[in-house]
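For clarity, chains are labelled A, B and C in written order, and residue numbers in each chain start from 1.
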Amino acid sequence: MSKEKILEKSFLLIALSSISILALIAFFIFQQGIPLIWKVGLNSFLLGDRWFPSKESFGIFPMIVGSFWVTLGSLIVGVPLGVACAVFLCELIPPTIAMILRPMIQLLGAIPSVIYGFWGLIVLVPLIRDSFGGPGLSILAGSLVLGIMILPTIISISEDSLRALPRTYKEGALSLGATHWQTIWRVLLPAARSGIVASIILGMGRAIGETMAMIMILGNATQLPNSILSSARTLTTNIGIEMGYASGDHRQALFATGVVLFFIIMGLNSLALIISRKGRA
Amino acid sequence: MKISRHHTQGLAKGVIWVAAFSTLAVMFWILYQVLREGLPLLHPDFFIQAPRQMGRAGGIFSTIIGTIALTVVAIVIATPLGVGTAIFLQEYTRESGVSRVIRFGTDCLAGVPSIIFGLFGFVFFVIFLRMGWSILSGGLTLATMILPTIICTAEEAIKSVPYTYREVSFALGGTRWQTIRKMVLPNAFPGILTGVLLGVGRSVGETAAVILTAGSSFITPDSLFSPIRTMAVHFYILAREGISMEMAYATGAALILLILAINTVANWMMYRYAHKA
Amino acid sequence: MPIRLEESSFMEKQAKIAIQNFHFYYGTFMALKDLNLSIQPNQIFAILGPARSGKTTLLKSMNRLTDLIFGTSHTGQIFIDSQEIYGPEISLPELRRRLGMVFDLPTALPLSIFENVAYGPRFKGLSEKSRLEEIVEKSLQAAVLWDEVKDRLQSSALRLSGGQQQRLCIARMLALEPEILMLDEPCSGLDPISTASIEESLTKLKEKYTILLVPHNIQQASRVADRVGFFLEGKMVEEGSAFDLFTRPKNKKTEDYISGKFG
């Protein structure tokens, strides 16, 4: 085989690395986690609300609920503010200032999550405790911090979508007598809709997958949360908190939690792909 | 009473201004707080000394070593794989079944949460390959995490090399590989470097996957198989266990400064590269 | 009537390039139709015709740059020195060194002037400094560029003017020591002085090389070409000596094109 052919095959092999790694991840996580789900039963694993590893009781429903509420809360915080900031950057301030702010926002997105978690712990948690009672380590705190964490993602991508719109959209609307705001609200935002939705889904993925900051500020409670001020666990914090000392069935249960998380994320990814393809077509 | 369009506009714009301004203000204020408390505590001793008394005193030297070591391993593994994948996708193939599968794998990998990478790294590198909690395990796990980023930026960089350069190179008798090596890669290099820097930034800040694969020993490591904690892990442990708020602030400030430096260099490179082309 | 190869064995033995029943496709689109052509060595053959008549396709299918494009195919044969260039044993890099090509836009590579010209020879495996310097100087002289750049060979080629860059591309092509030169509208966008100097070099170069030229306009063809082929929508409508084609064209369409009735 000629040298060129060998090189081509080598590059093909290298290129298969990402899909191979994905397959390996799926394989090993499933290999560790599925047997336990089988043992405990899918229903009682997903819907059981008692998580007592020492008593072999593995129900992760509280964590699913926790993940749900925290993610939802982060979207309630992050999406309106994020889109508002995107509009702000794109339409309401001079381009030179926007050019300075943009890399700064990108920088905020690169800050490790533990820093945000730390801030939440030091500032937000006592604030909530003093203002609203409860332990302070709560879903409310988690939602707020997570919302702030996904803002850079939503802002950057939404703003890119707005900026990518052909200038004729804006000029056309304005020349028909629309005010600037009407143009933004009725023409630009709807036109950028698919990009904004993509940013939301990306932000959601980031929110569901966040671990360290949530460990720091959600508290450690394994019970079903009943209010926004309750402490809770998410699927991710469940793993992160106990992985350090778990063994045997307990450890496998954590992998099983990972399996559930994996499916949720893959579902989200597929949704994102479908929506982005529809948006392009 | 009908509200005029201009009043609506004024109201809406006002709301947006307030919302955006306060949002951005809060975000920057978070950074400011950590830096304000932590910067004064940063003196040369802090960086040179190892942690003492579980981190209550001393410095963060071993964690700096750990951060560098883990990042270097991750980059050394992920860069060839990532650039090679990008070369294959852009130079050796067109949109086909194979390329779609590869892109699907890369996109999915990019969305996997870090804790899952941690679980994977633990069961695969630490246990199955018997590397134990070590720099190697942690670095390899990080490599899998930053691979999608490097593939993506390398592809963009390679795509931006004008087609005429390639055509001329072929017309002058170059083979495909000669053309890639002498025309495409040198011209795509700044973009690829930016991607590598982004990968570095991600490795520095990653915590969940690192704890599960590199351990959390703060003793200065002596080999690739030694366990180690990174600055981010050290920061997390200090904060969560409540060991020392002072040390936590200082470590946090150092971490932010490091990320700031890496991002600034990456942005500067992108800016320069975009203006050269 | 275009010359048929079978009709003249004398021509066949002498021809540098022989094209037989050649059709070229981009996917399902036929860009070249039933081409039969033979070109003698050491002459300038002009490929004349309006836009989109297959001229660039013809050149690029001769050095098989068209192989780089997905979905191309052909029927028929192209012989160079009686060797089929689409045959299985043909080495593409070698073929492309035998047929030098200059594109219709100045395409200096982002390298120094020296490295641009040395680019091709390096691929051949040539790395000895003195040999490279020799080739670079010889090529730049043949392209009438040496005097202008000999003091700044290390500076970036992108800083040269359009006319200089195009002559650099010619030097780059000559450095390969090819047998056939293919120039696709080499003077497009150039000022009259650069155009004149390039046309002058072409007349000198044909002593050593066989030249295929897509001229910028009819006047250029009449100035430099020995033989001319008139192409329309992928088909070669007429072919003959430059004098014959321009003074008494046999085909009505050729006559219309030359007199400017369409372009």
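Here is the rule we go by: a contact is a pair of C-beta atoms (placed from the backbone, for glycine too) under 8 Å apart; a residue touches a chain by one contact, two chains touch by 3 or more.
Keep in mind that this is a model prediction, so the values were computed, not measured.
Peer 1: Taking each chain's centre as the average of its Cα atoms, which is closest to the average over all protein Cα atoms shown?
Peer 2: Here the chain at the core of the arrangement is B.
Peer 1: Does B-C or A-B have more contacting C-beta pairs?
Peer 2: A-B
Peer 1: With centres defined by CA atoms only, which chain is the most remote from subunit B?
Peer 2: Ranked by distance of C-alpha centres from subunit B, the top chain is C.
Peer 1: Measure off the straight-line distance from the CA centroid of subunit A to the CA centroid of subunit C, and report it in whole Å.
Peer 2: Comparing mean C-alpha positions, subunit C is 58 Å from subunit A.
Peer 1: Using mean CA coordinates as chain centres, what's the subunit B-subunit C distance in Å?
Peer 2: Between these chains, centre-to-centre, one finds 50 Å.
Peer 1: Rounded to the nearest whole Å, what is the centre-to-centre distance of subunit A and subunit B, using the mean of the C-alpha atoms as each centre?
Peer 2: The mean C-alpha positions of subunit A and subunit B differ by 17 Å.
Peer 1: Which subunit A residues reach two or more other chains?
Peer 2: Answer for subunit A, listing residues that touch two or more other chains: there are none.
Peer 1: Touching at least two other chains at once: which residues of subunit B meet that condition?
Peer 2: In subunit B, 175 touch at least two other chains.
Peer 1: List the residues on subunit B that touch subunit C in their complex, please.
Peer 2: Subunit B reaches subunit C through residues 94, 164-175, 178, 182-183, 187.
Peer 1: Would you tell me which residues of subunit C are touching subunit B in their complex?
Peer 2: Counting only subunit C, the residues touching subunit B are 63, 65, 68, 70, 92-94, 96-97, 100-101, 103, 105, 107, 109-110, 119-120, 123-124, 172-173, 176.
Peer 1: Applying the document's contact rule, which stretches of subunit A touch subunit B when the two form their complex?
Peer 2: Listed in rising order, the residues are 3-4, 7-8, 10-12, 14-22, 24-25, 28-29, 31-32, 80-82, 84-85, 87-89, 92, 101, 103-108, 110-119, 121-123, 148, 151-152, 179-182, 185, 205, 208-212, 215-216, 236, 239-240, 243-244, 254-255, 258, 261-262, 265-266, 268-269, 273.
Peer 1: With touch defined as at the start, can you tell me which subunit B residues reach subunit A in the complex?
Peer 2: The contact residues of subunit B facing subunit A are 5-6, 8-9, 12-13, 15-17, 19-21, 23-24, 26-28, 30-31, 33-34, 80-81, 84-85, 87-89, 91-92, 98, 101-102, 104-109, 111-120, 122-124, 128, 144, 147-148, 151, 175-177, 201-202, 204-208, 211-212, 232, 235-236, 239-240, 245, 248, 252, 255-256, 259-260, 262-263, 267.
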